[in-house]
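First chain written, first letter: the chains are A, B and C, and each begins at residue 1.
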Amino acid sequence: MSQPISFLSDFGHRDEFVGVVHGVLAKLAPSSRVIDVGHGFPRGNVKSAALALTRAVQYLPEGVCLAVVDPGVGTERKAIAAETTWGTFIGPDNGLLSPAVAMVGGATKIVSIENPEAIIPSPGQTFHGRDVFAPAAGLIASGEAAIHELGPQIPGEEIVPLLLPLTEAKNGTISGQAWWVDNFGNVQTNIAPEDMGSVGLGPGETITLKIGASTHSVPWVGSYADVDEGEALIHVDSVGLLALAVRGGRADEALNLAEGVAVSLAASRSATAE
Amino acid sequence: MSQPISFLSDFGHRDEFVGVVHGVLAKLAPSSRVIDVGHGFPRGNVKSAALALTRAVQYLPEGVCLAVVDPGVGTERKAIAAETTWGTFIGPDNGLLSPAVAMVGGATKIVSIENPEAIIPSPGQTFHGRDVFAPAAGLIASGEAAIHELGPQIPGEEIVPLLLPLTEAKNGTISGQAWWVDNFGNVQTNIAPEDMGSVGLGPGETITLKIGASTHSVPWVGSYADVDEGEALIHVDSVGLLALAVRGGRADEALNLAEGVAVSLAASRSATAE
Amino acid sequence: MSQPISFLSDFGHRDEFVGVVHGVLAKLAPSSRVIDVGHGFPRGNVKSAALALTRAVQYLPEGVCLAVVDPGVGTERKAIAAETTWGTFIGPDNGLLSPAVAMVGGATKIVSIENPEAIIPSPGQTFHGRDVFAPAAGLIASGEAAIHELGPQIPGEEIVPLLLPLTEAKNGTISGQAWWVDNFGNVQTNIAPEDMGSVGLGPGETITLKIGASTHSVPWVGSYADVDEGEALIHVDSVGLLALAVRGGRADEALNLAEGVAVSLAASRSATAE
């Protein structure tokens, strides 16, 4: 029985790259449903795509996950397949798969995709999405190959991790960063509600938000409707992290935020905020 | 037997939003074909997406239509499912579904999606596409749920309509507006050939087109080939409405038009046009 | 048994055009898998899309290829279906299909799609993707119609070819052009390794690259990893043509290249290069 394949990349929609990978999958796994998780992630930005995959994975049907953001194509980086209880993750060994694999409980087996019979011969070394990763995904999804047939097993501790910034709690302030600005201008931070709880902050409070030299006083509310049109808010977003939004507007523009910018949150105990 | 699902949103292609909804649909309705009607509609522009859905619906396979352009997510607006002879329309109650539902003959039953068993629990209240609308679409498409199981029935007259601008005929002039500029720069108006007929205008005539203070003399022709390269034309477009185009060019740029701009059409009876 | 349909266009992702064609295909060929080869090709650029299709076709599952880049819609250009050993190619007769058809061995039969029973009646003449090409593709893919039922056969020599620039070898220099800049800024030329071999050039050599008045000295290497970050390289790309790239960067920007710009390659025999 064919497994569904969830496919994510930074190939964009200008060229035929995404379509060619779909073609390879259709040839090798003609009965597999293919879900495009997204292909518009920033070019070569492994972290951005890895976070997206981590947010998405619990909503994807169990089976095969094919992820290709591969700035190191043509270098020594490995091509890997990782077996988990969710299914099989396939992609470059550059940290892209690590957080999603961890999210579903970790890998029970990891192989380096090297078997020439599982790879499409090509004149060039630049399109491993088509020549290495898609064939592996198609073969696993169709049941034509088992993971150990793709290449030699490698120890999990040899895999490249994704280094993600941690939050810090100090003197009643949580420091973190903006780590995703979505298409609507909403800004997700790496700060969880539990981090806030650890310094005694919770929903309903007014929070002092610092971004560089700017300070804002922003209410922590349950939904957009709890503030007026055009007002900023802090809320727990659909993934469960603290996020900054502006009702009917763009928080990235209103607050001058971009991915990677440091933010800190603290209680607004005095009346001097804003 | 599983029904096909036609899916439209303003989620764009930068993030994983569209893919996550596909994941939810694949889990709940693994045998349903999913058609992406489009996800590039302007952010939060209910009217633009509603018109697109209305143009598209007669070409979509009968089944389930999942439409999410939802600037009011997290407010009091309802989530609805509307049963029609075409199939079931699912989306926010903000006017998005109304014209397409009317186009297929109106709704025979409308429910407010409130049953917690049909909704995916989430830490946040911002991604109803994933948590509320996609599960409803998947359950209906797979036959796992009937519409009345999604929530209480609500009267049709309580539904939010989409207010669309009407055309006006006066002194031989039809006044309307540009209401869609497509990717190629073609400008569809809300003026039908019948409107033109009511003031005695028809194909083959030269039309005086007024846009703000500018006046243009434009032929009403059958196809692009009836004018020279670079020339403007009026024609009945693929949806059956009067549209402005430039052969081999962009009418929006040539005529300084954008969605919502007022246009008027009249006979060119004198030689003073252009 | 239904055949898969590979679909390519310049419709973009802003409107519902791609989705409406999918709707028509789903109605006529409900069991056919549809692969989006790509829809982001430059508006009306037949050559760009034709080259993409030619690069892709060997990776697409045999069946039906529906390709619509159609700046001449509404003129006298024919709508054609071409039968090959790969399957059936359907699109406008403007050169779009010619190189891909040649790539799979040429057409055994070509018809002009004119049968009114195979065409969706429409108020306008501007959306042949929906009204003419998609129905033909759906009818062939589902087996509902044979190619000769679409319209009268036409001789292959009446088909519009795609005129592609040739390379020229003279005095040890190969002259060609940049003919594809991909989403990552990599620049494919129309020069094959065999062209280079004909003037005695091969991998491992340093090549003198001339673009307009600029001269660059660039190594011909096997993969990105053979040069330092930020350095330019020449390599055989994933399609088998010579391409210019910059490791970790964009060759189009670094070398001031765009599609159609002339380039020449020669041996770097003196020390005066760069």
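Here is the rule we go by: contacts are C-beta pairs under 8 Å (C-beta built on N, C-alpha and C of every residue); 3 or more make two chains touch, one makes a residue touch a chain.
This one's a predicted model, so the numbers in the text were calculated from it and none came from an experiment.
Trainee: Would you mind working out whether chain B and chain C touch using mostly the same residue numbers, over half shared, or mostly different ones?
Mentor: Different, since under half the interface numbering is common to both chains.
Trainee: I need the rotation angle between the copies chain A and chain B from a CA superposition, between 0 and 180°, in steps of 5.
Mentor: It works out to 120 degrees.
Trainee: Once you find the CA centre of chain B and the CA centre of chain C, what distance in Å lies between them?
Mentor: Between these chains, centre-to-centre, one finds 32 Å.
Trainee: Identify all positions of chain C at which a residue touches two or more other chains, and write them in rising order.
Mentor: Residues 13 of chain C touch two or more partner chains.
Trainee: Touching chain B in the complex: which residues of chain A?
Mentor: 4, 6, 8, 13, 33, 35-41, 52-53, 55-56, 59-61, 182-184, 186, 193, 222-225, 235-240, 243, 245, 248
Trainee: Name, in rising order, each residue of chain B that touches chain A in their complex.
Mentor: 11-20, 22-24, 26-27, 30, 43-44, 71-76, 122-127, 130-131
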